[in-house]
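Listed below are the structures to be examined.
There are two complexes below, and they share chain A, which is joined by chain B in the first and by chain C in the second.
This part shows the complex of A and B:
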């Protein structure tokens, strides 16, 4: 395999992994920015999205799952906002984090109870089952679709934040909730939108992860740890930072598994250490500690 | 008609009580200066309107609506806008975006982006710059412009002359008079007494969380009032 082929493969695989990470970590960063809460249950929402996607795909096919699972997750996000985040408003970070962690564990265990402990394979839909030639290599079409979905959702999110009124208010609350409030921004209303959107993104990521990574009971823990690293590297509360950090994380993870397979698991932590050493508030210069 | 009515307000931060039984009424279109030493509770009073302090007891009403038990954005929705101490420009938003944030109240009126640009032309020239890239004086104009975008009935200004040159203070005084002519009331917290005299109809002296003196602005320079301000 030629050098440019290896590089192309490396970049493509990095982007495929980063696509899932972008959808999950940007949702996590949005909730943190608005509510000042790290939602440790976000990984469980992703896992629920994956299992729901698996079940729905068995009945109605992959495309139906890709629409229905995120919609159901969005409804769950609304419930999360009303039943958990609002009642816990004003409580300490550790209390809210523990509640979301506990809910995530309960949800994860409930899924294991329903689906069992073994991994479930999900086939890519027939339209995305083949491969395409790229730089002299055969590359799975599904991964290209995954990259397109990742970049598409990232673009849609960026356009919403940059050009819509609600996006402006979300950015304002993420930077300085107190000033945003004084200007008349109702953070509760925004939080409802953002929490349901984040949960829907977790649903999309879960369904897309099925044919790419498989659906298994440990997928929530792996992904939430990765996403937390990304949110910290990106700068807590910075959505743009989270997106850049997800791309960087994907590249480091994939490059590590190719060039230093024995040490690949350490690569994200080395990245975290190096970034925080250079930029203590992360790439996107997240909110300063209170 | 009353814009703002505060009754027996006890408020502060955590366990620390800063305001101790404060009463203040501001009528529609009235311009009032709040003066007193540092630590007297002036900024705490303004922050109390937006739920940024702990209210131990008392009442705050905007018009007929009681707001001390409502979320922090309620005052803004009811027509109170603020240019806070330190300006608090959002660093990752452009000048134009900082101004558009002022429209979050959804209130309509004479103040639009165009009207604010007419009042402070430099903001139009720097519309796409990051807000914090402006000079101190320009940031002050931005903070006031952002508050005006809410089309307020009452504009709160906390130390608006902070860091401004004498020329810019003159510009600010002229700007405040234009704002008043447009019909908004003003509550100004200010150390710069010459600006206070040009911008307010009456003054209120705050000391140790209580009002200890008040009167028409023409009487502010009396020896007795200067003694009260130094308390």
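This part shows the complex of A and C:
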């Protein structure tokens, strides 16, 4: 019975972590699919979402933050598309990736300048503050909410990609950009949609991370490194791969901290290099850059 | 360029150096030797200790930038984990002396070779991937190293966040720890190392190996079809640039006498990247000059706590507006002017 309990907790905790990672890394994979660019500033967007969520929650409460912060991030995503990705589309993908890295550093530093260097705690909203008893175990309600949000956004993403026209176009461009363009798909318009969407997801993840992790100056680097590992494991650009890799990553991270607490920090890297050794292109069907 | 123009340019050069190419080469070598000697000695008499210290730091950053720039320009690969080698070799040097009682020279060799072996294993895994994945993986590997020195289990070796003081008794290459820490004595070492590494990178770039690397960067498939291996050259290039970073990290630890998790941090890697971009990645002079420029700029802005902001801004500005960097831009400008003037002369 106790072993069952441990396993259930393990799975629940890894799902909670994976929920955040899925929201962030699927956003990265989506942009990559359309623009062949990895947004190294994605961690900073997540950090901005978290700090905005912190500030808005102080004024209007958690639920307002959960709506407003992603909307503001979506606007920033639109700016990113118009001011960075479009003007630089003739440049090499590496250069654009480096520009996003630079912009991420600027944004992160600006946030530290505004909010200072210390970590901030965010309380879970009263409705989600307690714990629930499930299968004879007590588990924080907030984490269940987190898992629901993660799985919910995952499902929404899958449904959108599978059943909507724009989702079809996104898949088409991701699979073969030149053929999709020849068939009349407007990749720029899609990219606008996808960039703002993935920035908004980063905002959601940031707000959700507040009560679960903490809001601190190093959160952007930690998260972008985790997401990059997931994107590589998943096969660069593969969304399904990213989701599976995020689940795997969450499990390895949580299991590592339970069974090998001394070495847990290295668990994701071990996973990364093991996967690379077996499948250099990752587990999903990613597309090599053009 | 038509044959006529070439002769005219040669004729002009001839009037300056009076004769054959070998004489001209000799003059260049003499000029370089003069510059080298002047640069090694003059600053130690003219500049204050503070300026020398920043200058030497700039040269070290410049050499690290050289390693980043070489791989960027020759193989189209961006390394975002240069700090892991730079700081990692310092840790190994310190641990080999304090825990395993190696002599300073043996510890130095051990640290150097271990890092090379690490680079070879890491490279074997990651140079197979595409350039974007490569960039992500070097970042991940760098973070892995910086996380591992903070591990509780290795605290006895690495002292966690406190870092390690690196002192040694006796001498390494005829210099004591105090000599290395002395700014006036360290400057000529950093200066010479920058020249040696710069020339090494220059020679590799000009060699057949360099040509193969650039051809692979241009079109890997074409090279494979032409019967060239594309994996080993890139792996060799990765190990080569890590050897540069390796030397640079050893010089840093000998000079500062201290290693800390900060020396492994992402900001060191991005600073090196910025120094490379500032100077321009296409030659050896650019990144080293970029490192010195960056160090002095950092000294100006660092006091206000804006160093990282400066880094971020520099990445964006130099990639978007000045992709050739300052030195690269100057060379390009001079070349364009000489082409223009020779054209003008031809039309006249």
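Here, the second predicted complex is superposed on the first by the 287 of 290 C-alpha atoms of A that agree within 3 Å, B and C clash if a C-alpha of one lies under 4 Å from a C-alpha of the other, contacts with A are read in each partner's own complex, and residues count from 1 in each chain.
As a working rule, a contact is a pair of C-beta atoms (placed from the backbone, for glycine too) under 8 Å apart; a residue touches a chain by one contact, two chains touch by 3 or more.
Computed from a prediction, not measured in an experiment: that's the story for all the values here.
Novice: Are chain B and chain C a fit on chain A, or do they clash, once the structures share the same frame?
Specialist: Aligned through their shared chain, the two binders fit side by side on chain A.
Novice: If we overlay the two complexes on their shared chain A, which of chain B and chain C does A:231 touch? Say first, second, both or neither.
Specialist: It touches chain C, and chain B stays clear.
Novice: Touch test for A:110: chain B only (first), chain C only (second), both, or neither?
Specialist: Only chain C; A:110 stays clear of chain B.
Novice: Have a look and say if chain B or chain C is in touch with more residues of chain A.
Specialist: C
Novice: Which partner does A:101 contact after superposing on A: first (chain B), second (chain C), both, neither?
Specialist: second
Novice: Figure out whether A:280 sits in contact with chain B (first) or chain C (second), or with both, or with neither.
Specialist: In the superposed model, A:280 contacts chain C only, not chain B.
Novice: Check whether A:93 is in contact with chain B, with chain C, with both or with neither, and answer first, second, both or neither.
Specialist: So A:93 only meets chain C here.
Novice: For A:185, using the defined touch cut-off, is the partner it touches chain B, chain C, both, or neither? Pick first, second, both or neither.
Specialist: The first partner, chain B, only.
Novice: Counting only touches as set out at the top, which of chain B and chain C does A:262 meet: first, second, both, neither?
Specialist: It touches chain C, and chain B stays clear.
Novice: Of the two partner chains, chain B (first) and chain C (second), which one does A:175 touch, if any: first, second, both, or neither?
Specialist: The first partner, chain B, only.
Novice: Could you state the shortest Cα distance, in Å, between chain B and chain C after the structures are superposed?
Specialist: So the smallest C-alpha to C-alpha spacing between these two chains is 11 Å.
Novice: Return the residues of chain A at which the contacts from chain B and from chain C coincide.
Specialist: After superposing on chain A, no chain A residue contacts both chain B and chain C.
Novice: Would you pull the chain A residues touching chain B in the complex into a rising list?
Specialist: Against chain B, chain A makes touches at 165, 168-169, 171-172, 175-176, 178-188.
Novice: With touch defined as at the start, can you tell me which chain C residues reach chain A in the complex?
Specialist: Going through chain C, the ones touching chain A are 76, 78, 80, 125-126, 128-133, 135-137, 139-141, 143-144, 147-148, 150-153, 266, 270, 273, 277, 306, 308-309, 311-316, 319-320, 323.
Novice: Would you mind writing out the residues of chain B in touch with chain A in their complex?
Specialist: 50-52, 71-73, 75-77, 81-82, 84, 88, 90-93, 97, 100-106, 146, 150
Novice: In their shared complex, at which residues does chain A touch chain C?
Specialist: Within the complex, chain A contacts chain C at residues 32, 36, 38, 88, 91, 93-95, 97-99, 101-106, 108-110, 113, 221, 225, 228-229, 231-232, 236, 261-263, 265-266, 269, 272-273, 276-277, 280-281, 288-289.
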